[in-house]
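Input: a single structure, listed below in structure tokens.
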Amino acid sequence: MSILVDKTTRLLVQGVTGHEGLFHTQQMVEYGTQVVAGVTPGRGGEWVLDGKVPVFDSVRLAADYTGANTSVIFVPARAAADAMFEAADAGIELVVCITEGIPVRDMMEVRRYFDQKNVRLIGPNCPGLLTPGGAKVGIIPGNIAIPGNIGIVSRSGTLTYEVLYALKMAGMGASTCVGIGGDPVNGTNFVDVLQLFENDPHTEKVVLIGEIGGSEEEKAADFISHHMTKMAAAFIAGQAAPPGKRMGHAGAIIESGSGTAAEKIRALEAVGVRVARHPEEIPALLA
Amino acid sequence: MKLHEYQSKTIFSRYKIPIPRGRVAATASEAKQIAEELGGRVVIKAQVLVGGRGKAGGIRLAKNSKEAEELATVILGMDIKGLPVRKLLVDETVRIQKEIYLGITNDRTMNRPVMMASSEGGVEIEEVARISPDKIIKTHIDPLLGLRDYQARDLAVSIDLPRDLWRGFQEICHGLWNAYSQSDASLAEINPLVITVENRLLALDGKMVVDDNALFRHPDLADMRDLDVEAAPEVEARKYGLSYIQLDGEIGCMVNGAGLAMATMDIIQLYGGTPANFLDIGGGASAEKVGAAFRIILSDPKVKVVLINIFGGITRCDEVARGILGAISEVKPKIPMVVRLVGTNAAEGLRLLGDAHMVTAETLVDAAQTAVRMAKGEGR
Amino acid sequence: MSILVDKTTRLLVQGVTGHEGLFHTQQMVEYGTQVVAGVTPGRGGEWVLDGKVPVFDSVRLAADYTGANTSVIFVPARAAADAMFEAADAGIELVVCITEGIPVRDMMEVRRYFDQKNVRLIGPNCPGLLTPGGAKVGIIPGNIAIPGNIGIVSRSGTLTYEVLYALKMAGMGASTCVGIGGDPVNGTNFVDVLQLFENDPHTEKVVLIGEIGGSEEEKAADFISHHMTKMAAAFIAGQAAPPGKRMGHAGAIIESGSGTAAEKIRALEAVGVRVARHPEEIPALLA
Amino acid sequence: MKLHEYQSKTIFSRYKIPIPRGRVAATASEAKQIAEELGGRVVIKAQVLVGGRGKAGGIRLAKNSKEAEELATVILGMDIKGLPVRKLLVDETVRIQKEIYLGITNDRTMNRPVMMASSEGGVEIEEVARISPDKIIKTHIDPLLGLRDYQARDLAVSIDLPRDLWRGFQEICHGLWNAYSQSDASLAEINPLVITVENRLLALDGKMVVDDNALFRHPDLADMRDLDVEAAPEVEARKYGLSYIQLDGEIGCMVNGAGLAMATMDIIQLYGGTPANFLDIGGGASAEKVGAAFRIILSDPKVKVVLINIFGGITRCDEVARGILGAISEVKPKIPMVVRLVGTNAAEGLRLLGDAHMVTAETLVDAAQTAVRMAKGEGR
């Protein structure tokens, strides 16, 4: 029915007592996600959300006491790399980092470490994961999607919500929606998620939402061409973006003339992916 | 954040990279004095953060201190590609035997930094990459290990550097790597790195770009920011936590989320309009933020219509609508606006705006088409 | 007939033009080892040993041109870590580091890197490898051993020669002799080599030569007890050594009362290993 | 190489670890002056590189500067476990609320450094390990990543440190890690790390051991070596590239190779003798090296016999024999010697020595048994 997260996910929230962390923890709990623990150093022993979620001083303690297997990170950018290392070293299997604005050097170190430890990282600078009707890990609004058989993977936030919402309006549901984030160096990429969707018996079609910068969309096209049997549609943001300027996301930039939307669209169309001209066209392409 | 040549070279010299003797000047008389100290014959270089200074006449050779003063006066009066020249670097002149290239940047495909060297220095590296890519030698740096000495040596071997310069070249490589990693740079470049006729290596020109997200660790670098480089509205936007980039079109855009903001520009273009800007207001939409966004968009006289596209997820659309109304009553924009709200409580938000006689739209297609029509003076 | 090195080994010598490097390269060539290349930065293009061995400026160049798959390192201690990284990054499969006196911090970094890259390191501060009649990689004198079916693994240099020589005098030969070195942090350890000997059809018995310090001998005893079918004999040096003093080798020290010879002998005897009272007793124990 | 308390604490303070105010003194009048500067009441600590200074009377409290001078005179006259006291540390006194432990060492089983903390400070950590091992909290440090902040925090949590001290404790952990790794230490220890009644953390005592092999990178640390710590012959041996450790026995040993040197000591003991030393002459055996080795062995008056055990591998035994003969003709030792040569050209070597009327042996067993008999005055 889904990839990465579902009703069995035992979630821990790093930065649970912060403004953002607490708000989204409540949203996740209300959605039905099993939030088993929170971590805020110095606040161990407290409870948040009217006694629903216990707070620990460290990830290790939280994981030991509660059996958490997934962590979502809401700590400030300057502490985020440490939070990711802490989660990986404590044996967490899936780490989802929402935090935006983490230095690239930190992320290169984190990525290097996670690759070698074989811990899966989603993000950073991402909206997280939503398995409609199953679990919500991150900040994707729960009410904009319904359960279904379409897998969505995206570098963007609200643009993804737009697509989920358009699908819902068309009566189409999602198996899992994965926001991989808009940073130039991140954890899981398009190809990783496409592989998971290809192997998931409950996903029948996939939507890829890319944008300018880097070459992950081209790699995705290559993967789709050689390894995917399922139907794929896509949208690439940034056709009107000028070169050399960062379009909000740290990774969304056309450098030395490469990483343009046109290139990416060409690569995807060349392998049979139907590329939408605008987000609201996606449902029709999947019909 | 880009650093000026003189700032980059100052950092390089802290890491033991040899640079020409010289100093920065803000006036012609300072330039004259520095020229005197350096023995008269100097090169005067405009400090502006764009390429092509030389072709624009921003780099000139002075034979003596009097000429230095004259040339400094000329260059300080220049605008290069729209940027005013406020500072000059006055450097000793150097007799050059050969120009090579050395740089580091992040390779996002490999998730690690890459050091590049080329025997073809003095021209833009992108140019070398286009014409003779085999002349660029690359070595990727493990972020947990840092640059290894053998890697620097391999570069020296591969660009056919004379053996007596290897040791010095390796030291420069390590200096550049340390400057790069300890400054959280995303680019550090010496171009050209020259071999002088005295057979010394010298970093004649330098360029660094620092990761904005890491400036909290480098208050000294943050202080180096040159506000002249960016358009004033972009500077203003950053103050309010807005991400704004000015473009050439007629339809101003106000969107929440970077991806959606790009998609909004794209759909405007798709339907025959031209976006005037990229603007991401980020999460939430307080009257204060929306107001600042309006002011910034409207500071561009080319803007004929504003298209507001908000996806209400966690943020509720009725709250956003109230923010927009508050901002409008304060800013009082005189041009038409198209508002599209979607998601949580969108109906209520659209009702509030409709009551205030604003043009509303339910779909992105509808909003874009309406904005394009209005920009062309065709009314709704 | 052997483990790790044999007649097919294509050897590269790092530090080939140094005094030690050149002398031992000659010895290795005379023994019949295929020494295909040497590396000394700045000396690329020269030849050593009367044109027998070409010198390159880097390991990568040497490996590319000659297909070297094994490297032996004779560079000074301060350059040794870099030499090991260079070999590993150039795709060399087996790195043998003879150099003594490498800082522990360097070796911890090297070990961490090699573990993750899955490159095998022997040493440092070791005499290297000898497969009698096959190949000699390092500094073990070729004339003190004859081919046979006894595998030898040791933390020591001359003490190992003593044992090889005693075996030769008794008419007993070696499959391969592996000197793993006397440093506290090194590459391959006793257990790794015992595993290789256990799997080698031409090794019938093994000799382990340990010494005070650390707990590798205890780990070896544990391994022998659970995973070895072949007969094992051992000698442990340092029964007369006082605690708290480094006995020449950086790793040979009894610290906080642990790492004594008595403990190690007890552990080995407890799992049926015959422990010699002195090196000359070894051949009798194997008979 | 062990560093003195005052040296270790100076290094700690460079890494922002808070230490008591204080200074080192070499005379009683200096101690008096420092005490005056610190307000009179001070603690005077003998700077010797052995444990148990306190029990030996090497640490005393002075109520005023006059008493400081008197106590300094006493302590500077002491020998502690055979080591003369040449320097004192004069520190301000501190009111202590609690003593904790913090240290780093290399865990050779894990091939990485380990940081240890304990709520039981002020006693030897080995003692804590023996009595209540669960009171020692350990965290291993990835040599490529360094200490992570969460690890320091986890230690603070695990030793039940009050929360208001966490931030300060984490900073001390980072300071200690940086001091450790940047000094190539094999031990860096703060014991006790105290919480004062004013609720401050303070490193009251400090100990560092630095990797001898890494001293080439740290000339400043190499200069700190205290030659008083080591027996004079050990210092002398290092000059010649010999590795020598003096023991209590009667049979002097000269061996090539550390493992074989230990095995030689072992076999002497096996046959009822007592080794007088460990001595590895390393590779080769020049007359100069052998001569120095003889002089060092013979400087020990307990030595009754010398056993020379050389395995000729790369080195040929006849060359070694000539080296021995050369050294003997120069040093002229007056006690008997047993020489065993084995390996390449052993026969020739033994013949040369036999001609010079030396006792030779072919096997190690024979050599050891002969030496033991001779030491007991039983002749060959």
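Here the chain labels run A, B, C and D in written order, and each chain numbers its own residues starting at 1.
Going forward, a residue touches a chain if its C-beta (ideal position, glycine included) is under 8 Å from a C-beta of that chain, and two chains touch if they have at least 3 such contacts.
These numbers were taken from a predicted model, which means no experiment stands behind them.
**Q** Cα centroid separation between chain A and chain D, in whole Å?
**A** The computed centroid separation for chain A versus chain D comes out at 54 Å.
**Q** In angstrom, rounded to a whole number, how far apart do the mean CA points of chain A and chain B lie?
**A** A distance of 28 Å separates the two centres.
**Q** Go ahead and note the Å separation of the Cα centroids belonging to chain A and chain C.
**A** So the centre of chain A lies 48 Å away from the centre of chain C.
**Q** Give the residues of chain D that touch two or more other chains, as numbers and ranges in rising order.
**A** 144-145
**Q** For chain C, jot down the residues that touch at least 2 other chains.
**A** Counting only residues that touch two or more other chains, chain C contributes 109, 113.
**Q** Looking at which chains touch which, would you call it a line, ring, star, complete or other?
**A** Chain contacts: none of line, ring, star or complete; other.
**Q** Give every touching pair of chains, nothing left out.
**A** A-B, A-D, B-C, B-D, C-D
**Q** Which of the residues in chain D come into contact with chain B in the complex?
**A** Counting only chain D, the residues touching chain B are 144-145.
**Q** Show me the residue ranges of chain D that touch chain A in the complex, using the header's touch definition.
**A** Listed in rising order, the residues are 145, 148-150, 153-154, 157, 163, 166.
**Q** Note which residues of chain B are touching chain A in the complex, please.
**A** Answer in residue numbers: 106, 108-109, 111-113, 126, 129, 142-144, 181, 184, 186, 211, 213-214, 216-217, 243, 245, 247, 255-263, 265-270, 275, 278, 280, 311, 313-314, 342-344, 363-365, 368.
**Q** Residue numbers of chain C touching chain D in their complex, please.
**A** For chain C paired with chain D, touching residues are 23-24, 27, 77-78, 101-106, 108-109, 111-113, 139-141, 143-144, 154-162, 165, 182, 184-185, 209, 211-212, 214-215, 235, 237-242, 245, 247-252, 256, 261, 277-280.
**Q** State the interface residues of chain A toward chain D in the complex, per the touch definition above.
**A** The touching residues are 41-42, 44, 57-61, 79, 82-83, 85-86, 89, 109, 113.
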